[in-house]
Amino acid sequence: MQTHQALRVEIMIESPMARRLTDAIEAAGVTGYTVLPVQGGSGRSGTWSREGQITGGMLAVVCIIQPDRKDALLEAAFSVVERHIGVIAISACEVLRAERF
Amino acid sequence: MQTHQALRVEIMIESPMARRLTDAIEAAGVTGYTVLPVQGGSGRSGTWSREGQITGGMLAVVCIIQPDRKDALLEAAFSVVERHIGVIAISACEVLRAERF
Amino acid sequence: MQTHQALRVEIMIESPMARRLTDAIEAAGVTGYTVLPVQGGSGRSGTWSREGQITGGMLAVVCIIQPDRKDALLEAAFSVVERHIGVIAISACEVLRAERF
Amino acid sequence: MDLAIANLTSPMVLFFVLGLVASLARSSLSVPEAAAKALALYLMFAIGYKGGVSVAEHGLDASLISALLAGVLLSAVIPFIAFGLLRAVSGLSAIDAAAVAAHYGSISIVTFVAASSVLESSGIAYEGYLVAVAAAMETPAILTALFLVARQGGPGKAAAGPGGAGRMDAETWREIFLNGSIVLLIGAFVIGWVTGPSGMAEISAFIDAPFKGVLCLFLLDMGLVAGRGMAASGRQLSLPVILFGLAMPLISAALALALAALLGLSLGGAVLLLTLSASASYIAVPAAMRVALPEAQPSIYLTLSLGVTFPFNLAIGIPIYVWAAGLIAG
Amino acid sequence: MDLAIANLTSPMVLFFVLGLVASLARSSLSVPEAAAKALALYLMFAIGYKGGVSVAEHGLDASLISALLAGVLLSAVIPFIAFGLLRAVSGLSAIDAAAVAAHYGSISIVTFVAASSVLESSGIAYEGYLVAVAAAMETPAILTALFLVARQGGPGKAAAGPGGAGRMDAETWREIFLNGSIVLLIGAFVIGWVTGPSGMAEISAFIDAPFKGVLCLFLLDMGLVAGRGMAASGRQLSLPVILFGLAMPLISAALALALAALLGLSLGGAVLLLTLSASASYIAVPAAMRVALPEAQPSIYLTLSLGVTFPFNLAIGIPIYVWAAGLIAG
Amino acid sequence: MDLAIANLTSPMVLFFVLGLVASLARSSLSVPEAAAKALALYLMFAIGYKGGVSVAEHGLDASLISALLAGVLLSAVIPFIAFGLLRAVSGLSAIDAAAVAAHYGSISIVTFVAASSVLESSGIAYEGYLVAVAAAMETPAILTALFLVARQGGPGKAAAGPGGAGRMDAETWREIFLNGSIVLLIGAFVIGWVTGPSGMAEISAFIDAPFKGVLCLFLLDMGLVAGRGMAASGRQLSLPVILFGLAMPLISAALALALAALLGLSLGGAVLLLTLSASASYIAVPAAMRVALPEAQPSIYLTLSLGVTFPFNLAIGIPIYVWAAGLIAG
């Protein structure tokens, strides 16, 4: 099938900031994203697990975007993630219906 | 370690269609896949969140496949996703034990 | 924005082994990873679903690493996954703050 | 009138309002999905079991069969009226109108539970087998809606095409008839019937005593969900569509009133039949629509059913149905 | 006989059957994972606490130590019999046979809870410390199974290899001995013992009154899970293996009967010791097997334990154990 | 003294200890996140509602307003003391000290619930409106902490910068004031007030009878979470910081004692005001700090609040507050 180049941006972020992140993403003109629950993790600020967790935890936000949106999205996302706990990774991908993104 | 080229296909789909999707995937000869829960998201049909959601929500299905299965899988998946809410993204990846996929 | 090459390693593993996997990953010098819940899946050992599941189920562990850590991580991960149910996939990605990984 | 005021200030309605207000004010208050599902399971488990025990106690009134038939008839016929009304007064497409119509023919089990709880507070008895009637009314409306769409031709063409062919296959029918709420309601009903009052004595501390409190907590969550839906897609509902969501329950209740009189139901039984007819599905039918009519917009049918008709029935409808049922029974 | 029929028509067994039927018919009925885990926590919390309170009330019978030893002995010895039987009559590999054997030596706490609930309904008392015996019986069987595998050599070689070396390390032992259900059972037992009847008075409305109802809901979920397992891997079980799943509980119960007579347990206590011996683990042992014997197939041991032996004990076994215990006690 | 011992051996405290021990021993025992959240919702639902019903029964004491003001004052002032103390004795940075201070000005609703449960066991009445005071005390402390940080300049600069500008925007304030626990507490309180004893009669089997048992289960989970926090970041807390976590509750309680005397609260009311002041937040404030002061380390404030002060209050603090309140009231 005919596919088109796109980017897959994955952002791990602490949940209290998730709403701000998706707002920033939308403000940058990206309207499609999926939020996945995260069960635990480890990073510079230590190891944590969601089980029995009382506050927040983290979330993973996945955005499939057209390549030319990359900079707008990264700037928006980075402005939120910058001072917070979180990670951003971008990889190349292909999609079927390019007009959707 | 020795790795082999493969593809990672990620499909976001509304849950009432998930069973049909995995059936179609299996019918296309792909027997390995993983289903991840999705907490919320946004797309052309608006924003939604799983918390307090009464009906369905979405799921993410990840399939690691050998490159030559790509077309069979995409056709099978697209026939299910086509008229429904959902997104398909394909990216290149490497796997350790190629005979498994 | 300035990005750096990195790798995204995704490991699906049965939950009773998850702790051993993350211990092995940390022993290999990789301190950053995220654990995502898995709802169901299918593989050579059949189809299963988390709903109503009494024992374990599976988890997905995602590690973003610098390319030169690849072999150390794969060896550590493979020594745990080898005799167990699980899948390892590696893909290229880009990250913003390379010093973090 | 007294009942109406008592109802509006019952903990049940007030917790629903609290949820509504909290989510419209975008409070972070939320009930975890798993907990909400567990509460729903509890309510169906308890209401089904109680219905069965009541049948075991009072014997099976000869009218069970006729009540089941009446329920199926209501569920199958109401969508025709709803569809006609919507096409006449709203600008909804045939597909959207049919999808909405399916919701109004089918039932909301929580509205049923709320009405039964009001009856119990007022000391009004009802036929236990109405739980089975509730289960029977869940699906016929879906058939009517699909028939309406097929007749319209436009989407009927698609329905005959390759994509469409797959849509209403045996699998889909199985899903619809064996959906979790039907199976649990009927199953618990049968078990209640078999085990009777002695079974009830063993588990009443679980299914009877805390019932109303659990219902309040569940309605808090319903309010939160309804409020979120209203915030997200309230604007998408035009005034005629909203008015439909307020008028349709009364029309359905009027139909049900006639049948309840014919059947000779008790006061409580009549109230519940009216409530079932007036209520609109927001669990079973939406899931079926996503599979069978994916082009219909969930933001219309879900918001209307959950954000307009459910609160209307809970706060205003139920007292009206009690009053109306009093005209023909008791 | 009466008890057998009463048991088969108890809400408990019927809700299990409902779950089984629903999942075999592929209904969408399901209990969220978190809710099922919460129900399991509740049952262990309540049964452990009640056991402790009962010890506080009746004093500690001198036989606690001997009962604990008997339990450990049963758990350690039963796997030898199970293993021998399986190797003789089924075509299972040594590893699969050992893994299955571990399950039958260990215990199912829900079967224990169900039996205690039958006893309470029949007004039969039992020694509270049997909760501690239950906890003590969870793990010895795992040791026996690993010994059996090591002795067989084949997999023992692997066990000595680099991968194998890591398998039964200190970490694994810690996991097995401190698994959640052992810790909660023993913890709640000790707390019940310390706080005694006055503590019970404070929380009995939570742990006593709703107990049976919660158990029914939990068994509904067990039925769903068992049915799913049977649908997915039922075909993998050969007839001899299935027959083993029906005969082994009776063999274990016979062994336990001898020990119960020796110990001089009360009627209720004997019933519970028989039930524990006859029951097969489906939580703690499967998790341990995944770590320690990953080559053993879960589709065999889980399906056999949950889909064959659990329903057998629940529906038929428990009445048999009550009858058998009556021969030596009471 | 008696009360202290009775408290230390209450099921409540013992289940907390069980959780603590289990997680420090790295047992796999855990309560699913959704279940823990549901239990917390239940406790707030019940305590809020009971408070409202009590106001409906006893009428609104003229002191509601003054008690609210006293609560707001305590919440706003305590962080100044906490901050000064921390800067003087510990090596914490200004930002970390301010974040910790915010936690101690705010409140822990579970500590409040535990104290009210102790009062009920001892038959001591309290003013129902203290639930509203609890809600009012949640947020003022956050304001004080932000003021302290801004005054220090260092982080104030950042707070004025582009990233900082966004931090305490209207959205953040809305989140803080409409956080789930405030809305549920106040909402349930108002509903309890409106529906009064007759509403209570309908749902008391849900919110009253099982309350203590649910609290025990919740405290088991709190122990598990606190233990995990202690294991993960206990080493990060220096001795002066830990001593702060033990002394600060007593200082806050002393302040509250003076105000309780001024207000003329009943014995029970005074105990609760002391408990609120002495307790430290571990839900609302941590979430607010992640947004508003992301540089502050959660491993410090969360571990201190949950791993040091919460257990101290639960086991030792509450009996002290009962004794101290006895000096000025009753």
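Which chain is which? They are A, B, C, D, E and F, in the order written, and residues in each are numbered from 1.
Just so it is clear, a contact is a pair of C-beta atoms (placed from the backbone, for glycine too) under 8 Å apart; a residue touches a chain by one contact, two chains touch by 3 or more.
Please read all numbers here as calculations on a predicted model, not as lab measurements.
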**Study point:** Least step count from chain C to chain D, where 1 means the two chains touch
**Key:** 2
Study note, to complete from the structure: Touching both chain D and chain F we find E
Review point. Which chain has its C-alpha centre farthest away from the C-alpha centre of chain B?
Key: F
Practice item. Indicate whether more than half of the residue numbers at the chain A-chain B interface occur in both copies; give same if so and different if not. Key: different
Review point. From the centre of chain A, which chain's CA centre is farthest?
Key: E
**Study point:** Centroid distance [mean C-alpha coordinates] between chain F and chain E, Å
**Key:** 41
**Study point:** Centroid spacing, where centroids are CA-atom means, of chain B and chain C in whole angstrom
**Key:** 18
Practice item. Give, as an integer number of Å, the spacing between the C-alpha centres of chain E and chain C. Key: 34
Revision key, fill the gap. For chain E, residue numbers touching 2 or more other chains are 30-35, 38, 209-210
Check your understanding: Residues of chain A touching 2+ other chains?
Key -> 36-37, 49, 91-92
Exercise for review: Any two chains that touch count here, so list every such pair.
Suggested key: A-B, A-C, A-F, B-C, B-D, C-E, D-E, D-F, E-F
Practice item. Can you check the complex and tell me which residues of chain A touch chain F? Key: 14, 16-17, 20, 45-56, 79, 82-85
Review point. Along chain D, where are the residues that touch chain B in the complex?
Key: 30-33, 36, 162-163, 166, 171, 221-222, 224-225, 228, 232-233, 282-283, 286-287, 290-291, 294-295, 297-299, 302, 306
Study note, to complete from the structure: Seen from chain A, its contact residues with chain C in the complex are 10, 12, 36-44, 49, 58, 60, 71, 74-75, 78, 87-92
Exercise for review: Note which residues of chain E are touching chain D in the complex, please.
Suggested key: 9-11, 14-15, 18, 21-22, 25-35, 38, 121, 209-214, 216-217, 220
**Study point:** Residue ranges of chain D touching chain E (in the complex, touch as defined)
**Key:** 32-35, 37-38, 41-42, 45, 49, 174-175, 178-180, 183-184, 187-188, 191, 194-195, 199, 202-207, 209-210
